[in-house]
Amino acid sequence: MSTHPDYGAAFAAWRAAAGADWERYVRHAFVAGLGNGALPRPAFLHYLAQDYVFLFHFARAWALAAAKAEHLDEMRLAARTLDALANDETRLHVELCAAEGIDAAALLATPEAPETLAYTRYVLEAGWSGDLLDLLATLAPCVLGYGEIGVRLAREAAPGTPYRPWIDTYAGEAYQQTCREVGALTDAAIARRLGPGATALPRWQALSARFTTATRLEGAFWDMGLRGHP
Amino acid sequence: MSTHPDYGAAFAAWRAAAGADWERYVRHAFVAGLGNGALPRPAFLHYLAQDYVFLFHFARAWALAAAKAEHLDEMRLAARTLDALANDETRLHVELCAAEGIDAAALLATPEAPETLAYTRYVLEAGWSGDLLDLLATLAPCVLGYGEIGVRLAREAAPGTPYRPWIDTYAGEAYQQTCREVGALTDAAIARRLGPGATALPRWQALSARFTTATRLEGAFWDMGLRGHP
Amino acid sequence: MSTHPDYGAAFAAWRAAAGADWERYVRHAFVAGLGNGALPRPAFLHYLAQDYVFLFHFARAWALAAAKAEHLDEMRLAARTLDALANDETRLHVELCAAEGIDAAALLATPEAPETLAYTRYVLEAGWSGDLLDLLATLAPCVLGYGEIGVRLAREAAPGTPYRPWIDTYAGEAYQQTCREVGALTDAAIARRLGPGATALPRWQALSARFTTATRLEGAFWDMGLRGHP
Amino acid sequence: MSTHPDYGAAFAAWRAAAGADWERYVRHAFVAGLGNGALPRPAFLHYLAQDYVFLFHFARAWALAAAKAEHLDEMRLAARTLDALANDETRLHVELCAAEGIDAAALLATPEAPETLAYTRYVLEAGWSGDLLDLLATLAPCVLGYGEIGVRLAREAAPGTPYRPWIDTYAGEAYQQTCREVGALTDAAIARRLGPGATALPRWQALSARFTTATRLEGAFWDMGLRGHP
């Protein structure tokens, strides 16, 4: 039986094609440390601050998805996602960091780590130079990977891990619903452009390669978190 | 005394620089017809259908503004505006058209008039090839011009004009608040990039020229409305 | 037998799909006037000046094609085309206009006609928001349409038409070679992305619709030429 | 007296502002190894192969500069640079690698190193989201830094270094002329948009920060070269 949630057909295929890169990302030592509680607090806080920098560019990428939408329902989901990121998530992030002793000024002044820069610019550049499908393929490892990690850790994590709130956020129904919607949007966007035989087209290989590259960059983002400094 | 609302310094300067083109736009026969009720219904319905086509691209332009934002507050206003356009305005538009006998399928199948195409692609192309300021300068005539028209018509319109709901929408506090926010965002975005002496820079002339061109294209949009067919 | 040159499979299919819009464009009264010599000189000069404005944006679109290239040979042809437009064609255009009494300063100061703006921004916006295929589909009516018109007029034009140099430029082997290369690039770029069954995909319909819209905008460009003023 | 060549005012100011990051880049151990001949051959070959991957995206960035040009002379220099990169440099690179035993197929199959990806996507993303100035500020460290390194190594390198041809390429008059033209274009592009007081504007700080970030990414590119594998 499948041990991971169902976020649609494209994700399942791209995930399988990413193979060892996918496993390296979702079973990274950083992730294991969230689950068993062994992740050092400074590493988590460093990750949180970089994630705030990441979030801004991630929101820009969803904005770009809305700008590249060709159908109203594509635009609507991208717009809702952007609005949630820009107007809600960033505030929550500021509060979360404040609770950890990182004040808003320090958070805003976080120097961008090379891994944060590499990942965000790769996603955005894929979006600027390509179409909505390029964006969705590069956004999927982050959006859906966190969903998969959240579900697994909710099942496997040590009862006493201090990272339970993080796990609950991504395992929670609200986030899982977003994952299912993004997965369904991706499948629909592909079918609308490339038809039912999309997986046999050269274009599909290009999208799958985008997904794998983004997966590797997610893995490097965890490396950076573990390292604990920019 | 000023007969038009205050939407900030950049708008006031660009509006003055647009001169006769601005007057031609905001005092167009189509606008006069909304006020005195003489606008033929078919012209209004034709305008409404084209405005629906316009709205999709207009929302894309606000999405692009969010993607080009360099500060979180810029992104937040653009994201809210996009979300309102994509998730609320378009639905209201469908309902409004349905009440007028244009069903959703007919609305979606509206062939794009040349004036709609010219205006929307000019705004979007300015955004893709330039920065947030280029976008704001080309969006301003539409956003703020409708605000100015709404306020004036609310004061001057014939009591019995059947176009009172249209007037009330744009004269209403919600829309006027949006206009003030967009005006303030524009002034702030300029100051953040070009400093307090922005109006003396060559860049300012380029932005002002963008505003004037977009103003002319708004005028042509009314021409198309009056003509009553694509 | 075919009365028009062979510029590849995609062009042939899109051309057929554009139907009456294509015929309206390539057999426009402006074109007929070039052939029989009846085109008023002021109309031709007006067209020349607008074509200079057009050329700048057309070169930008080829630059964008190079930026969106995914293979070196795609980039090379786009780069050569851009370089020829920016460094050669624009100079020839200035000389041609000078010979007609339009000096360089006047040419540079040409106000952009609405039809020039609509067409150029449509092509560019298709490029920014889409991929190389969107660009090639919107560039094709101009590049290949002029090739087809040149070949036909070279065969049919009145011996004494004063527009023989214009006809010879586009009927000439150098321009025809460019047309064949662009046609071949287009077919190859489609096959590389969408595979051998591209014509059956929804994406193909979208590209064909892009071609038809650009064809209509080319027709409107001739209308503007005939009108003889911006 | 100045020990480095004069490539214009903006470069001089941005270079000074980059401070230690600039020195780290132009006096990197990789560069020292080119000069004294101590650079291991495998490191040089690894660098060459990654530089080929880099070149493709670098050419795309110059294409984007042409697409974002607002004046014909800006477009012309960008177009010539792109054409030289796409149609000449890439061929020379293939020949150079072939002479070193890396055949064309192996070169094309080079997996992109993280540092190559980070640098190229940062430059391109700056270009897509900003204007010509953002592109020029991020391109400058590469174009002009190599010119500065070439001039210095031509003066200081050990007589017997096997990397003399590399040094001669960048110290040579053709490359130095390109550097002076790009420097002059940058100064002119800034003056045309931001006027004579550009250095006092917030925009200037943003451009200078772009330059510094790109400089750091160039430094990381040398790190990758020294490491000798992706």
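Each chain carries a letter (A, B, C and D) given by its place in the written order, and its residues are counted from 1.
Rule of thumb we're sticking to: contacts are C-beta pairs under 8 Å (C-beta built on N, C-alpha and C of every residue); 3 or more make two chains touch, one makes a residue touch a chain.
Everything numeric in this text was worked out from a predicted model, so none of it was measured.
**Student:** Can you list every chain that touches chain B and also touches chain D?
**Tutor:** Correct list: A, C.
**Student:** Comparing A-C against A-B, which pair counts more contacting C-beta pairs?
**Tutor:** A-B
**Student:** Counting only Cα atoms for the centres, state how far chain B is from chain C in Å.
**Tutor:** Between these chains, centre-to-centre, one finds 32 Å.
**Student:** For chain A versus chain B, what separation do you get between their C-alpha means, in angstrom?
**Tutor:** So the centre of chain A lies 35 Å away from the centre of chain B.
**Student:** Return the distance between the CA-based centres of chain A and chain C, expressed in whole Å.
**Tutor:** Measuring from centre to centre gives 43 Å for this pair.
**Student:** Residues touching two or more other chains, restricted to chain B: which are they?
**Tutor:** Answer for chain B, listing residues that touch two or more other chains: 60, 67, 129.
**Student:** Using the touch definition up top, name the residues of chain B that touch chain C in the complex.
**Tutor:** Per the touch definition, chain B meets chain C at residues 60, 114, 117-118, 121-122, 124-125, 128-129, 213, 217, 220.
**Student:** What residues of chain A sit close enough to touch chain C in their complex?
**Tutor:** Residues 67-68, 70, 129-131, 192-195, 197, 200-203, 206 of chain A touch chain C in their complex.
**Student:** Contact residues on chain D for chain C in the complex?
**Tutor:** Residues of chain D touching chain C: 56, 59-61, 63-69, 72, 75-76, 78-80, 82-83, 85-87, 90.
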